[in-house]
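Okay, so chain A shows up in both of these, paired with chain B first and chain C after.
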Partner chain A sequence: MRMLINSPETVVADALRGMAAAHPELDVDVERRVVVRRDARDGGRVGLVSGGGSGHEPLHAGFVGYGMLSAACPGEVFTSPVPDQVLRAAAAVDSGQGVLFIVKNYTGDVLNFEMAAELAEEDGLRVERVLVDDDVAVTDSLYTAGRRGTGATLFVERIAGAAAEEGAPLERVAELARRVNAASRSFGVALGACTTPAKGSATFELPDGELELGVGIHGEPGRERRAMMPAREIAEVAVGAVLEDLAQVGPADGPVLALVNGMGATPLLELYGFHAEVARVLAERGVPVARTLVGNYVTSLDMAGCSVTLCRADGELLRLWDTPVRTAALRWGC
Partner chain B sequence: MRDAEFFGRWMSAAAAAVEREADRLTELDSPIGDADHGSNLLRGFTAVRAALEAEPPAAPGAVLALAGRTLISTVGGASGPLYGTLLRRTGKELGDAAEVSDEALRKALYTGVGAVAQLGGAAPGDKTMLDALVPGVAALTTSYRAAADAAENGALATVPMQARKGRASYLGERSIGHQDPGATSSALLLGALADVAEAQDGAEAR
Partner chain C sequence: MRMLINSPETVVADALRGMAAAHPELDVDVERRVVVRRDARDGGRVGLVSGGGSGHEPLHAGFVGYGMLSAACPGEVFTSPVPDQVLRAAAAVDSGQGVLFIVKNYTGDVLNFEMAAELAEEDGLRVERVLVDDDVAVTDSLYTAGRRGTGATLFVERIAGAAAEEGAPLERVAELARRVNAASRSFGVALGACTTPAKGSATFELPDGELELGVGIHGEPGRERRAMMPAREIAEVAVGAVLEDLAQVGPADGPVLALVNGMGATPLLELYGFHAEVARVLAERGVPVARTLVGNYVTSLDMAGCSVTLCRADGELLRLWDTPVRTAALRWGC
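And then the complex of A and B:
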């Protein structure tokens, strides 16, 4: 497998050097692996820190900036950051108003952020944590590590970031973040595996003419393998799974935010075609869509495939969603 | 009795075993994980070796505490906190004595493994490192080699298990038929302990 890299050992550091060169508005510590918005401590806002394994770009560093994250801690590829990174990020963004950790629900992320939170609290910081666990493909949370955090992370980071930017206190920002997560569900599909730099070959074999349903974002196989289907049928499976689970939240009482997300190797041409089918299924089921994002936001290296995330958004969440945001990968209104 | 140098040799032997087996650990991590267990542990144990060489602690407990802290700061993922906690907690139990008995080490490791179970929320049978560590530490009453063998057998016994913790658990029944990479690396750690203990005991007997 050919990769546009110098060496597998330096992929994360090299990417951070690139971010530093492209985005002078970010303070990128390549050595210690922390990306901080330069004005993080101005204005006395609540700090938002997220992070996770690399390989999901633009998540998380691409979402650092005005109206979204204060800092991100990229780990090795598909490996959560270490507590030292998170602690450093928390100290760099805390202006006395407290810090919210946004953590995707994977054992490694949970443990490392937990250790970091303990250390930060020992240092006198106020820390709240919110877990993102939106993936409906993990059906039996009693016998698993629980639902994975995937596409909803973008919704949580945007809406919590908007509230923090407006000066909301820590408890309020954390409550909004939890509300967004509780109202969001995702489902992923892979048309091919991904290649980690460390291994240099595909993480699993997917024969021609088959696809994986219910995949996560780490190149792990999904719950089920089926014969390849056209986009219209994939959309029915994915949207159906998300809506069925979302119904457990309660009766639909408003529109949704929709994220049709590419896994890394699927062209936008295909993603938009797929989104046409997603929009059709939602219309057929009477679900109004308030806002839509189509693109590569929560990726899995070079995996081919997509995911669908829906978030039931009331008026308040929608208002926050629409406020200005200025990051490397998401920007509007300013 | 085992002194700080013995514990330094153990960590060094563990680092060598991880280096030797890194590709196999990553290979095991491919079908049911994310293909990086070998490279992550290699990064961690390489850092452990460097930290211990830079400033060798004077007590067994301090060696394991430093090794554990280093793993937590360099590995990431779940294995960083879990292996780090195993070594830190074991080191804490050993206290600051300059030499410790085999019985003290056995009891300390027992406590360390308990801390891993508590942190990860797993139990034997969940297809995790505990499936090697729990039988391994139990067999320490017999000998270090018996512990290493029990851990190795425990790792092999994860093949037919369905994972209930960690990333492999997302696969449900599809996790069956694969050996758990964490249990495999745990067996390496106890294997390294048996090697250095036998080397010391053999030298003393001569």
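And then the complex of A and C:
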């Protein structure tokens, strides 16, 4: 057990105390586990609320701020937030323009956000929900009916957040969020397992010298276990799987946004080397890349590995992507 | 061996190809291993060149850009860049205003930057050098005469870069860089060893359930090996060591900049929890914190652990810190 923690029971509360200390622009309710941007209700914008199990940082609390989320609800590690948490976040950010819930497709998250939406509507809030289900590796999984929500969450939160910041109405923000999800696909690879604080040991067995192709962000099994492959072959499998699935949406009508994401314990040096191979495969297949992010954005605690997410971005999505954003983990233009 | 690489021999070149693909605003010479901001010579500014062994990403190449470094020279993993590399970077960024070399205090780096400075001066360039030696854990070490250079490098590069961006002359930029280093102290802790691509196994032995207090950024031994401690106690040791050493500089005359840095494989969830304890200790000791960074900035490949760096920042340093910066890994205000 190599963890920098006080105790498994206090991991999430401790992290929230740390966020509060580091980011005075955030209103962090440590006890109730809600992170809200202080100016969420200024300006009469649509509110954007997301959340999910902890352990995927900077997702979601690191994406709360100008041009992205209004609030985040972190659950326990790898555990959905409870409906009360989500309801509290919705109430904290609603300025009468309604609230969009951005929900990764895991059974617990879907149920709890649905229950929160019902409670919020009883309180007179207008709520729309969008499901993120971009992971092409498997249909159904340990925690999912249908596809899992992974890296595309970042694209959805950024682009919907940009539209909300510009004053777009709820229906329009929700429509954009659904469009981004529909245009996005991901594929993940694990080179090593992760360790949850509660368990204190690896969550699954991945012998040294093997990798799991199509792994989920909680270490859920993927498509196939194989002997270790060089980065160039991993990139071919991951990008190939994403592009093959995207082709079923229809012919490409623009460039892609690319996220080359670290799962937590893979050094940035290796992620950039992996990105070189991702960029090569995309170039060979004639896919133009408009924007690229390389780094740890949607993680799985200390899992070694990576994922690739591509989003087909037309001119409108690209314009929104480029507008200013200012959060703990993603910022440009301001 | 759980590495996302093509081969140990190509790790640095592959990462540079990935940087080139992801960051079109950088001019990346993959073969000669120099990363230069494309507009380095516009505006007649002082040039800032840094570099060192690879494996500490985003340091240094991730800090090349507006308001920070003009160029970076990555060596092999944990190996100094060669003088020719540094000379090439200096020539690429010099616009007649001179060049500052920012050098972490490791024997190889010091020698190679010194040689590069001599060669550059023979070519008619004006060169100043500043050594970063902020690590209070040990005097002298495996790779160092005197203290090691670690997290303060980020503070030096940012504040000197801000001054250069504003058009300050070489002597002034160098003086500020030295002032930041003199006002900064760091202390690191390893919870697990790192694995270099060439070796393919742990660089040092750290049994599960033990930690190394005062570790260096290459896994060099620190002050003491102990049984695992909770985050709150680690924060007390680390912050205590830093403050005790800073006190010898003289009485505090302002708040501090705080960097709570991950060594590579420690989840952001844990780093924020650790930061809560760092903030608590600082508050208990009456040290006001002006600005905080929490994340992986000066890493050691896949080492588990963290470091704390504090910089006493007077009004001028704080003003420069807050000016706009736009690099791959650090950006605000633009």
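Note that in this section the second predicted complex is superposed on the first by the 328 of 334 C-alpha atoms of A that agree within 3 Å, B and C clash if a C-alpha of one lies under 4 Å from a C-alpha of the other, contacts with A are read in each partner's own complex, and residues count from 1 in each chain.
As a working rule, a residue touches a chain if its C-beta (ideal position, glycine included) is under 8 Å from a C-beta of that chain, and two chains touch if they have at least 3 such contacts.
All values reported here derive from a predicted model rather than from experimental measurement.
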item	value
Three-chain arrangement built on chain A, chain B and chain C clash or fit	fit
Touching partner for A:Gly305 - first (chain B), second (chain C), both, neither	second
Contacts of A:Arg223 with chain B and chain C, given as first, second, both or neither	first
Contacts of A:Ala198 with chain B and chain C, given as first, second, both or neither	first
Partner chain in contact with A:Ser50 - chain B first, chain C second, else both or neither	neither
Which of chain B and chain C A:Arg232 touches, first, second, both or neither	second
Partner chain(s) touched by A:His275 [first = chain B, second = chain C, both, neither]	second
Touching partner for A:Ser186 - first (chain B), second (chain C), both, neither	neither
Chain A residues touched by each partner, larger count belonging to chain B or chain C	C
Closest approach of chain C to chain B (Cα atoms, Å)	17
Contact residues of chain A, present in both the chain B and the chain C interface	77
Complex contact set, residues of chain A against chain B	53, 75-84, 106-108, 111-112, 115, 137-138, 140, 143-145, 148, 196, 198-199, 203-204, 216, 218-221, 223
Chain C - residues contacting chain A, complex	1-7, 10-12, 14-23, 54-55, 57-58, 62, 77, 191-192, 208-209, 228, 230-232, 234, 260, 264-277, 279, 289, 292-294, 296, 299, 301-302, 304-306, 326, 331-334
Interfacial residue positions of chain B with respect to chain A in the complex	26, 30-36, 38-40, 43, 72-82, 119-120, 162, 164-167, 169-172, 174
